[in-house]
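Following this line, the structures themselves.
Same chain, two partners: chain A is paired with chain B first, then with chain C.
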Partner chain A sequence: MDDTAEKLKSDWFLPIDPSEKNDEFIAVESKSFLSEAWGRFKKNKRAVFGLIVVIFFILLAVFGPLISKFTYDEQNADVLNVLPNPTYWLGTDKFGRDIFTRLCYGARISLFVGFVSALINLIIGVVYGGISGYVGGKTDMIMMRTVDIIYAVPSMLYVILIMLVLGANVKSILIGICIPGWIGMARQVRGQIISLKEQEFALAALVLGASSRRILFKHLTINAIGPIIVQLTFLVPQAIFTEAFLSFVGVGISAPMASWGSMAQDSRQLITMYPIQLLWPTLAICLTIFSLNFLGEGIGDALNPKNR
Partner chain B sequence: MKVISQFLRFDGGDIINEKLLEVKDVCKYFEVKRGYKEPQYVKAVNHVSFEINKGETLGLVGESGCGKSSLGRTLLRIYEPTSGSIKYRGDEITHLSKHRLLPYRKKIQMIFQDPYASLNARLTVGEIIAEPMVIHKMYNPKHRIERVQELLKTVGLKPDHIRRYPHEFSGGQRQRIGIARTLALDPEFIVCDEPISALDVSIQAQVINLLEKIQAERGISYLFIAHDLGMVKHISHRIGVMYLGHIVEMGPSNEIYRAPYHPYTKALLSAEPIPDPKSARTKKRILLEGEIPSPINPPKGCPFVTRCPYAMEDCQVAMPNSYKFGDRLVACFLYSPRRLRQRENFSIEPLLNKKQED
Partner chain C sequence: MKKFIKLVVLLLAAVLVFNLSACSGERSTNATSKAEEKGIIYGSAPESGTLDPAGISSTYYWYYSAFTLAPLVELAEDGSYDCITAESYDVNEDMTEYVFHIREDAKWNDGSDCTSKDFLNTIQRSLDPNCGSGYSDMLFVIKNAEEIYNGTADISTLGVECSDDKTLKFMLKEPCPYFTDLMSLPVFMPSNVKYATETNGEWCHNPETSLANGPFYLAEYVPEQYCLLKKNPNYVQADRISLDYVKIVCIADTQSMINAYKTGEIDIAPADYTVLGEYDGKPDLKVVPSITSYYTLLNWNVKPLDDVKVREALCIGINRDEVCASAGSDTESSTFFVAKYLTSKVSGKNWVEEIDPLFTEDIQRAQQLLAEAGYPGGAGFPELIFKYPSQQIDADMAQAIQAQWKKNLGINIKLEAQEYQVNISDRRAKDFDICRMRWTADFADPNTYLTMYTSDSTYNDSNIICPEFDDLMAQANVNTNPEERFALLHEAEKVLIGKNFAFIPILNKQNITLVNPKIGNFVIDPSRNSYRYKYATLSE
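And then the complex of A and B:
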């Protein structure tokens, strides 16, 4: 002990210069909220798998028809119901149409319906739910009862009625999905806004003199972004599924246009002889919906700050 | 009734005898709906009056749920006052519309309790501190950044923290970011709603010293809401003691701590811990019996009547007025002129000791 004491000499130690004092220094690298969430997302294998599959289908929808030699409605009586081979990658259907090409066109319709309806539902739901939750009182009461009335009518009824008026096409499917589709988002956002608006950062903005619009969109909605994105990623598969279902029961996309649902319906009749024709559209629907659900779950976990 | 505060000097800050904020008879009742029954009211703030002078700190103490924070928030029009009047430099601001209130928002500001909840987690520190200047259209964007950096230096942070997010800071640092945000508007009056109660004891002094430094430099007035009695005594020139929505006693802080008049103040101050075991053991504590009555059904007379060791018949019937002694106001019948005439001696200490021995 004494030896060490001798070895330490007093001139080794100097008082620190006050200007060098750095007690407010933050060692950790500055990271924005989203880059941190991306770091967490990357660690979730299922979510990354979901993202890759979704990107794959998007690429298929955009570039698939370009690399294929056939069109979706080109019939060829010489090659009815052939099995997959080098010319017809996934085989042909009962009219001799190339299934791969039709699958790509089906992906266009399914993904278009899924993402566009989700976007419309996002905008309507966030604005409606945000206003309802923020204003509160009687306005909230009236707005939410309106929502209840819209929700009370079965959503299929809207779709079928609109089909009758506007005809069976993508536009009427979109409108039919969107009329009741934004309700879940509106309710979710309203609940978030109600709990956030009592928090001190919202009161601070109020005291600073911020307008209601500024508080609602700059402070409250941005803090509810996690649940909103999660809700959004569940809206997409829901819309894709609705479109497939409608086309399957025969009120959706009309022939010769291809959608995954109508392809499944066409091949259903040949299920005992050529079951592989049914495999492709169902596989596409299942994979997309699974992946989008994984993706939604992964984004939800990544955006939850408690998982930090 | 007039509250007088004069001659008080605090190290650094000068109190100028110039009324900044006048609060008169302010009430805030919250409606509680109970199904089909008639609506009931939580009387959070009940006929509160006081004045704050320029450069002065008024401390507000009281136990949880007594209406301290509600009062602070009512002054800032976060809650709309049920009745009464709030005047800022003589201008009535009680019922101004949101738009017309805007210029006063610049002058009256607030520091919040929870440094984790009071900053928007999705904005950078620079955006948070610049926001008040954006709302009030002060300076141009380039000048704003300079001013944000200046404010960060004022509160002891580094100018390059501007791009950081709030979650990267400690509680004390965040509270200082919150202070920088309020200072961006150059306010004259700040309501500090328990600014230190969520902080570590070692950090509390840092924030308190900063608040005092700012007061000395800029002559800002504070309404300092807290339940840490020692800290309130340290920072306040005057103190108001609240119980069940009423201010039961108000006066210069040193005098109130030396000789509390109101029975509730006596009990409250006797509960203050002493950081010395020897003297703490000899100290007599007044233990109040029972709970605070519900603010939905407050007692008919004096709010403190259910727990007061000196309660008399009068107390059951009517709410006592605030009686004035020099600079102090006490809302208790023990100090009414009639009672005082009955008692030869001003002190009620013997009564108190007898109660303790029982």
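And then the complex of A and C:
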């Protein structure tokens, strides 16, 4: 020992130059995961476009009916099928109803159905898939085969059958969309949980005596949040499209309430005479669905740690 | 990438717009290869029934049978009766016995004899309640037919006799002055005794067994797509046929039908009012006043619709012209139950020309009546449900009527669009408050409408009980004097609608058809106010 100490001579060490004093300092501001993702998201032009359009439609749905002078079901035989003008911004339909107002109400229904069904699917899917993946074994087997059975029936069939029993309203559309809607989410979450539960941090939590519920929801699910959010953003346009389709074939929202699908259906017959009436709802549907898909893609890229 | 997105947007819009209804109207390959063969291609709604005259019939059946099955007699354009398969017929003094003498040379397309037993075959099969035919009740004028249908009498007691192969005798339970009109209904068409044994069976789609005694026979049948009919040399008036073939193709949706016509895929297209502007003044456009009545049923068992004041208020509180403006320019408001343009065989006049309107629209009076009934300004009026099938014209009418009641009377009605078959079964089960209804005359006589709403009628879906109307109908049914009978029927309608407001007449619709101008020699079928194309010609 002493020999070694002797070998360390004082001239070996020199005080550093004061100019180098701050070299160890991290000059870049430390960023949280989310703010970093936001930075990546902002660079994606399509995703930003999607976000703007979605916000636009949300504003339209919330405030549109307030700024309009008309109601969605007010008919006026004097102004049938008029073209866009300063009074009727987007024209009127064959009942003399203001298309702008109806489009706003349609946005309400579409966005409501889209977001609420996505939320319901999120909760059911995460809990179901989480339990199935975490518990594993026979429980997993039974739970996943149940999912397969539900998935085997075409989803449109559920919707139409439920509409027959519960009648045509938003509630039955929501139930119809949600029965098979959570399956994709459940499968995704299960896969994530299975791979995450083998990792060291999960083992550490277990050793420290955390309850299963705590491990599952506080540790594993949080770590799978990226894929969950991406899956979620694709559920929204899917639900909007289902609602539009149902209203288009005449079994969706009951008249005279407006929905983009039923507006398209009502004006379809007049396509040769007043094509503009069909343009508005189809444009709204296309824009919303594209925007939501762009948005989903953008969020997925932003949340992917490999893009760092 | 931008271009790609544009393309995708366009494609998506196109899919939404055209709803890709399964249209499959390719021109027959035969038509081009055998240029010398002349034929027409007829667009039809897809088959929803079968081709069995005793079975479930649909529009497709009517188009098909108009070419393939020949009735005993048929109503001609001038109101007289053309004997087709029958050579002649005799009627007894009090119109309770009709004897038809079938032509000796009446044959099926396979060469076998068309006999009275073939006609009896359809009638007997139609009296099985499971046959699904909507026309079984048209047989009930025949002695014991109704009892047989209800299972209380044996089929052998039926009032139809075939004394030999060429004689068919009907014994009726009461005088029936319009019996010969019924002969063009499916249940009075022949079906071959040898093959047509199973109702709605496979035989009716098989060219080998689905025989024809009419101008054309079934040569090819592809379900949900098309059927090809060829000229039948054995037809009794074969010399009148000029076409070699007729092809009926299925197209589900009216807009696709119109497009198929524009591209030349089909020669005859049942269309709607959206073509009126485009084809105005062109020879393609054929408009006939239809004998279809659209009306709204009110369930008498539902309060407050049992109150005649409420019914009257609902009836006169509608501005029908505004409803028609929204429902399409091929509709015309009507204050009658019987279609306005049903032609009387007695006077030759239309129904509407013989009588004053049954009521006048008057919103103030409607409001007053509603107040008298205990609902001033619509206050306290229960939220009734209006059921209708999710078809365009019905949806348009329902929305317009609902808005008018809301605006004029302060009443809120809930609309419920239903799938077509669901709507029909709800209506038949009397499970509705308010329900849309449509009736097309099956034969040119007001009886086809009015008998539906006698108290004991099986079609009385809205629980109408109106003894005065029943009495007038009973008198009309036994009256063999045509003028008196028509006067009684007018009176009966007046009591039913103008006095009791049993239901709400709304509008009549026109039949709009696009017909290739090369097709000639087609005539109006006065029993259905549509065209007969069986003797059509084709110019070059």
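In this text, the second predicted complex is superposed on the first by the 281 of 308 C-alpha atoms of A that agree within 3 Å, B and C clash if a C-alpha of one lies under 4 Å from a C-alpha of the other, contacts with A are read in each partner's own complex, and residues count from 1 in each chain.
Methods note: a residue touches a chain if its C-beta (ideal position, glycine included) is under 8 Å from a C-beta of that chain, and two chains touch if they have at least 3 such contacts.
Note that the structure is a prediction, hence the values are computed from the model and not measured.
Asks: With the two structures overlaid on chain A, would chain B and chain C clash, or do they fit side by side?
Replies: Once chain A is superposed (C-alpha atoms), there is room for both chain B and chain C without a clash.
Asks: Does chain B (first) or chain C (second) touch A:165, or do both, or does neither?
Replies: Neither partner.
Asks: In the superposed arrangement, which partner chain does A:152 touch: chain B (first), chain C (second), both, or neither?
Replies: Neither partner.
Asks: After the superposition on A, what does A:208 contact: first (chain B), second (chain C), both or neither?
Replies: A:208: touches chain B, not chain C.
Asks: For A:225 in the superposed arrangement: first (chain B), second (chain C), both or neither?
Replies: first
Asks: In the superposed model, how near does chain B get to chain C, counting Cα atoms only, in Å?
Replies: Distance of closest C-alpha approach: 36 Å.
Asks: Across the two complexes, what residues of chain A are contacted by chain B and by chain C?
Replies: In chain A, nothing is touched by chain B and also by chain C.
Asks: Please output the residues of chain A touching chain B within their complex, sorted ascending.
Replies: Listed in rising order, the residues are 24-26, 28, 30-33, 199-201, 203-211, 214, 219, 222-223, 225, 305.
Asks: Using the touch definition up top, name the residues of chain B that touch chain A in the complex.
Replies: Residue positions touching the partner: 73, 76, 78, 101-102, 105-106, 109-110, 112-114, 117-122, 131-132, 135-136, 156-158, 161, 163-165, 167-169, 173, 178, 181, 185.
Asks: Please name which positions on chain C make contact with chain A in the complex.
Replies: 5, 9, 12-13, 16-17, 19, 254-255, 258, 272, 274-275, 277-278, 319, 322, 325-326, 390-392, 395-396, 398-400, 402-404, 406-407, 414-417, 419, 422
Asks: Help me check something: in the complex, which residues belonging to chain A touch chain C?
Replies: 73-75, 77, 80, 94-96, 164, 167-168, 248-251, 254-256, 264, 266, 268-273, 278, 282, 285-286, 290
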